[in-house]
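Labels run A, B, C and D following the written order; every chain starts at residue 1.
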Amino acid sequence: MSEHQQRRGDGKFGRYGGQYVPEALMPAIEELTDAYERYVLENGDGFMDEFRRRLRDFGGRPTPLGRADQLSERYGIEVYLKREDLLHGGAHKLNNALGQCLLAKYMGKERIVAETGAGQHGTATAMAAAHLDMPCEIYMGRRDINRQRPNVFRMRINGAEVNPVDVGRGTLKEAINETMRDWATTVETTHYVIGSIVGPHPFPSMVRDFHRPMSAETKRQSREQFGRLPDAVVACAGGGSNTMGIFSEFTDSRDGDDEDVTDVDLYAVEAGGSTLDVDEERGVAPNSASLSTGSEGVLHGARTKVLQDTDGQIMESHSVSSGLDYAGVGPELAHLVDEGRVDAVNVDDDAALEAFHRLSQAEGIIPALETAHALAFLEEHENPAELGEYVVVNVSGRGDKDLEAAMEETAGRNLANAPEMDVFEGEGLQ
Amino acid sequence: MSEHQQRRGDGKFGRYGGQYVPEALMPAIEELTDAYERYVLENGDGFMDEFRRRLRDFGGRPTPLGRADQLSERYGIEVYLKREDLLHGGAHKLNNALGQCLLAKYMGKERIVAETGAGQHGTATAMAAAHLDMPCEIYMGRRDINRQRPNVFRMRINGAEVNPVDVGRGTLKEAINETMRDWATTVETTHYVIGSIVGPHPFPSMVRDFHRPMSAETKRQSREQFGRLPDAVVACAGGGSNTMGIFSEFTDSRDGDDEDVTDVDLYAVEAGGSTLDVDEERGVAPNSASLSTGSEGVLHGARTKVLQDTDGQIMESHSVSSGLDYAGVGPELAHLVDEGRVDAVNVDDDAALEAFHRLSQAEGIIPALETAHALAFLEEHENPAELGEYVVVNVSGRGDKDLEAAMEETAGRNLANAPEMDVFEGEGLQ
Amino acid sequence: MNGDPTPSTLLPDGGESRIPDAFDGEPAFVPYLAAGDPSYAGADCIELGLPFSEPIAEGPTIQQAVVRAMEGGMTVERYFEFVSELDVDVPLVCMTYYNLIYRYGDAAGPEPFVERAAREGIDGFVVPDLPVEEAGPLRAACDEHGRDLVSIVAPTTADERLRRLVDRSSGYLYIQARLGVTGARTSVSGRTAESLARVAETGTDLPRAVGFGISSFEQARDVIAAGADGVIVGSALVDVVAEGHEEDRPVEETAARLEDLGRELTEGALAGAETGASQAD
Amino acid sequence: MNGDPTPSTLLPDGGESRIPDAFDGEPAFVPYLAAGDPSYAGADCIELGLPFSEPIAEGPTIQQAVVRAMEGGMTVERYFEFVSELDVDVPLVCMTYYNLIYRYGDAAGPEPFVERAAREGIDGFVVPDLPVEEAGPLRAACDEHGRDLVSIVAPTTADERLRRLVDRSSGYLYIQARLGVTGARTSVSGRTAESLARVAETGTDLPRAVGFGISSFEQARDVIAAGADGVIVGSALVDVVAEGHEEDRPVEETAARLEDLGRELTEGALAGAETGASQAD
């Protein structure tokens, strides 16, 4: 089997992956698979060249890798931050949104649809679609709409339609279902831009490849800045796109590297929510830790780890961060955890909020609440020195979208390091 | 006179500039002037090396220069965008805030104060101070606090104190006065990080130099991307820091360039507000066009162009964008306009709002309302082709801070290209 | 993946699927009902929905039915109990999503579910999120237990793919009348006729039932006239049930309305059969 | 910039500044009042504020007075009218910011303002935002019209700078008692004594008046005892005026209170002079 065929794959990652979608979508999935192979894997018509150019000139790649001086001191190790928060739109999400919108254009599609949870994928898609002059509709759960109003504004301002999804709890899961329905109706003219490394093949592989620059840059920048690869890379995992994006160059050594990239430890930090315990009765998991506590199932087109009850009904997940609040996870990540290549860990809501404030105050970077989970892992670790000398944390996004949510969630808790809140509540400042 | 001495200057730009500050501050101003010369101009102790490294690893420099496909088509010229909106914090402001906070550290100062209008300089300063582990207090007018709440949140989250200024109209002017008062009290331990190329020498020169990378990158990127320098560079002017930042390499040819940098046309776009007419009676200028309509005066430490009545009382200025809402302008910019090197132009509130929506929808970039003025200049121009073949517009910041303001201001107007607003008002989406 | 196509005539012993009989003779009327809804007499075959929390192929009507059923405490166990108590003498097709089939029982894989379903009297399965590529294990389990696995043919299914799909189907072919999700519509896509013609070209013996949006006499008539062997009616019936729920109607009244609508559609189908026959002349 | 230091004794003809006389003999009491506030008898010299929209060197008390005055319609013209009508026989010092001086009249530059001020009876100027580096043109205009330009000496003013500053001052030296802005405080910075000593070392003949935060008998006593020739009292008096405004007191009552406070401070200054004299023994 040639390198190329191996990369192309069959959409299976060990026992995970596959294409569990309605027949009506299968032709589109096949067409997309062909396009993925032709344009992404083989750079047909110079697709990848244009993609990389637009990532640079529109997206702002490469993003920096920067030393976190205060955190390094705090943990006694060298902490470096990969700054996806500086990508256009404020999160890693644009890598994928731009890649898929561009691919849709190469495929002759006329319309873009996407789901969104936190609104980050939706805003990224709206921006990419506007940039490429394509009409765009975003499905978003009603509850998320209320939690992430600024992102709703942004999508509308970028000219996208935002379609509220009222079914169920009104979060990401329902938005995905609804987008699939749209796609099943409009599949001939429309491309569905999935927001993470989930869904049927070729999405998990394709989305990972669009996010791969994170990893390639981290490799190069680590060598430039401290002369070698890091000992560990830490990223938060919702669907897992920022995780697989920054892990991907370390999971195989296909570039013929001298160094053993597989020596780099990889940590996927899930949202532990309020507790890892599950309320089977009500079908509620007060967390989003599908890698740590989920079981094998089929969700949204792929076999993977999911939060489900004994019948196989998908549970309501929970996280203080909308972007991690999802009952499934990418099949490749599930596989890498099974294989022992990636460590799945988790931190709870409180720890994430504290980490949110810690990074803001110590480094002058307000992280997304999703990202705060990755940072909390360092704090929660009994002995960070065990992680190694150089640790890279993926700052998957900025926290501007989370200001109101973070303030609200902070107000109700007794956090060690939160700023005085009264000033926000109209007394001090209004 | 050597190159170096010429650069150092005496703080005068033709008839403008100087040091009109209380005696108590003069020693600090002298100390700062020494530090500016030693660290910034002479790279003492490797200051500029560290500054450039932190601008890269923390700030995200270089920012991209990217072609605006849709605008280029619309105007029949090649429009390129310099993406300061991708700088950490969301505006060019960080260049200066990081430079001054680092300088304060080299000078052994223990505390940072700053004024802010739109909140962009305040957030940039809060971030830079947190990054460098220095305590920080920001003065902000009460009215601006109410107009720019997200930025207030961000400053607080970054650990800065935000001190409301209740005097007068509660905008930038009053905040500057109040910060000067703080500084006059604490000058021995505190550095005042001025937010634009205003104030007494050495601030105008120093702030310009910290913003100079915008210009140096634009030069290099233009050559890389279209093989020569642009025909024109357009930037919005409040105090004028993003303007002078991106103009500075084109105002002299000190780097011994072959090409005649002075062939590049430079446009400073001021806020025309609702009208250029002035209400002398009430002391109100419904615009912030000090270059176009102001007269020579002394404001906040420098002689420059200011909006004032016949007595010399400073007028209330106005703009839909808080960041341009200032009655003065940097002395160097005033001088360059007098000299004919820079063209001062202006666009009104309506044109700026339309440009805000236009860029968002056409290019997938939501600009700051300040930036929208620079973009509106292209639209308002009778014949953009007269500007030349290649035009660079400085996207000084992103519009996330302006979402609410833009929505509100849009709702009251009859703009050609605004998205339906009902969806934002709770009917459609809430 | 199971490479052996298994036409419905090749059923192992231990109980046979009754589905082939349902399409013998006159056009079949195949109502879709959520388990627990008032049962329906007059059907030739019943698709009985087992609700899944992520009904990605369903329109609003059936989504709401799913929510209703799940809030009413529907579980896989109760579904099977309901099936076993059901007093009808037509074939039953279980319509559900793959995860419920896959997760059932102690061992991973579809076999335990199929085994239990067969035991309770289910004749076959329609699984909207299981394309032929992933259907191997379920196909194997169905073969083992003599059940049918119905394939959906979409308007977008190209000819080559259609052949593969026809080869691996049993029971009947579910011809999807139009793109999109389930839900009652007023007209039937012109592509239905096209699909039926394309299926005919494959030379398959499998009956073709048309579903997605069938809700009226005219629609039933038209699809049968175009060559279908039966009509599948889901949302139109579920709407009647939903209305009954909303307006708190007695179960008998809803059942009577279902019967009326069923009769209308059956008559439409018969009318279509006549047209079809006369056209074929 | 005017290179010639011009001590206050060298005044050209055409009316002389009366300021030197104010510091002859007993310690001088120099109240600061906004133009328009009730006038004050008992002063040796009066600093009369011309309000500017950006009073960067003032604390809240005087900021509020500025707002009051500007809302009351104070203009440069009215200021001069007020000065010309003022019925006091002590020297008057105009305290304002440079822009108002610079902008006055048709020609740019400070000369027209100084000319008019001299004509209306102003003896000198204190301009808080005009350090010696920028004071050349105003100094020249003052010389031309025989007016004094008072320099402020800050606690942060280092010795070399102090010498330059002393050289270019006339009238008196305004010794800033502490860092910060104007405003009444309860104690006087220890740095005041230090400043006075450093000024003494320069050997200048110029009288030294201490201001910034002087509000009580004790403070006045202490600064005079430390070698000052006078006390400048601003915010403490303006507070009395502001209170009068707020509580709508009759002008005479406010004037009486001002007189009381003035007496207290004058007495403090006298007490300080005695201590100073006895210490000098």
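In this text, a residue touches a chain if its C-beta (ideal position, glycine included) is under 8 Å from a C-beta of that chain, and two chains touch if they have at least 3 such contacts.
Keep in mind that what you see is a predicted model, and the values were worked out from it rather than measured.
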* Asked: When you check each chain against chain A and chain B, which touch both of them?
  -> none
* When you check each chain against chain B and chain C, which touch both of them? -> A
* To do: Could you give the separation in Å between the centres of chain B and chain D, each centre being the mean of its C-alpha atoms?
  => 37
* Could you state the distance in Å from the CA-based centre of chain A to that of chain D? -> 66
* Structure fact -> Between the Cα centroids of chain C and chain D the separation in whole angstrom comes to 97
* Check each residue of chain D and list the ones that touch at least two other chains. => none
* Structure fact -> The positions of chain A in contact with two or more other chains are none
* Which word fits how the chains touch one another: line, ring, star, complete or other? -> line
* Provide the full list of chain pairs in touch. => A-B, A-C, B-D
* **Of chain C, residues touching chain A in the complex** => 52-59, 63, 67, 70, 75-77, 97-100, 102-104, 108, 128-134, 151-158, 161, 165, 176, 179-181
* Of all residues in chain B, those that touch chain A in their complex -> 56-60, 63-67, 69-70, 83, 85-88, 90, 126-133, 145-146, 150, 152-154, 156-159, 162, 164, 225, 357, 360-366, 399-400, 403-404, 406-407, 419-420, 423-424, 428-430
* Structure fact -> chain A residues touching chain C in their complex are 18-28, 30, 167-168, 173, 176-177, 180-181, 184-188, 283, 296-301, 306, 308, 310-314
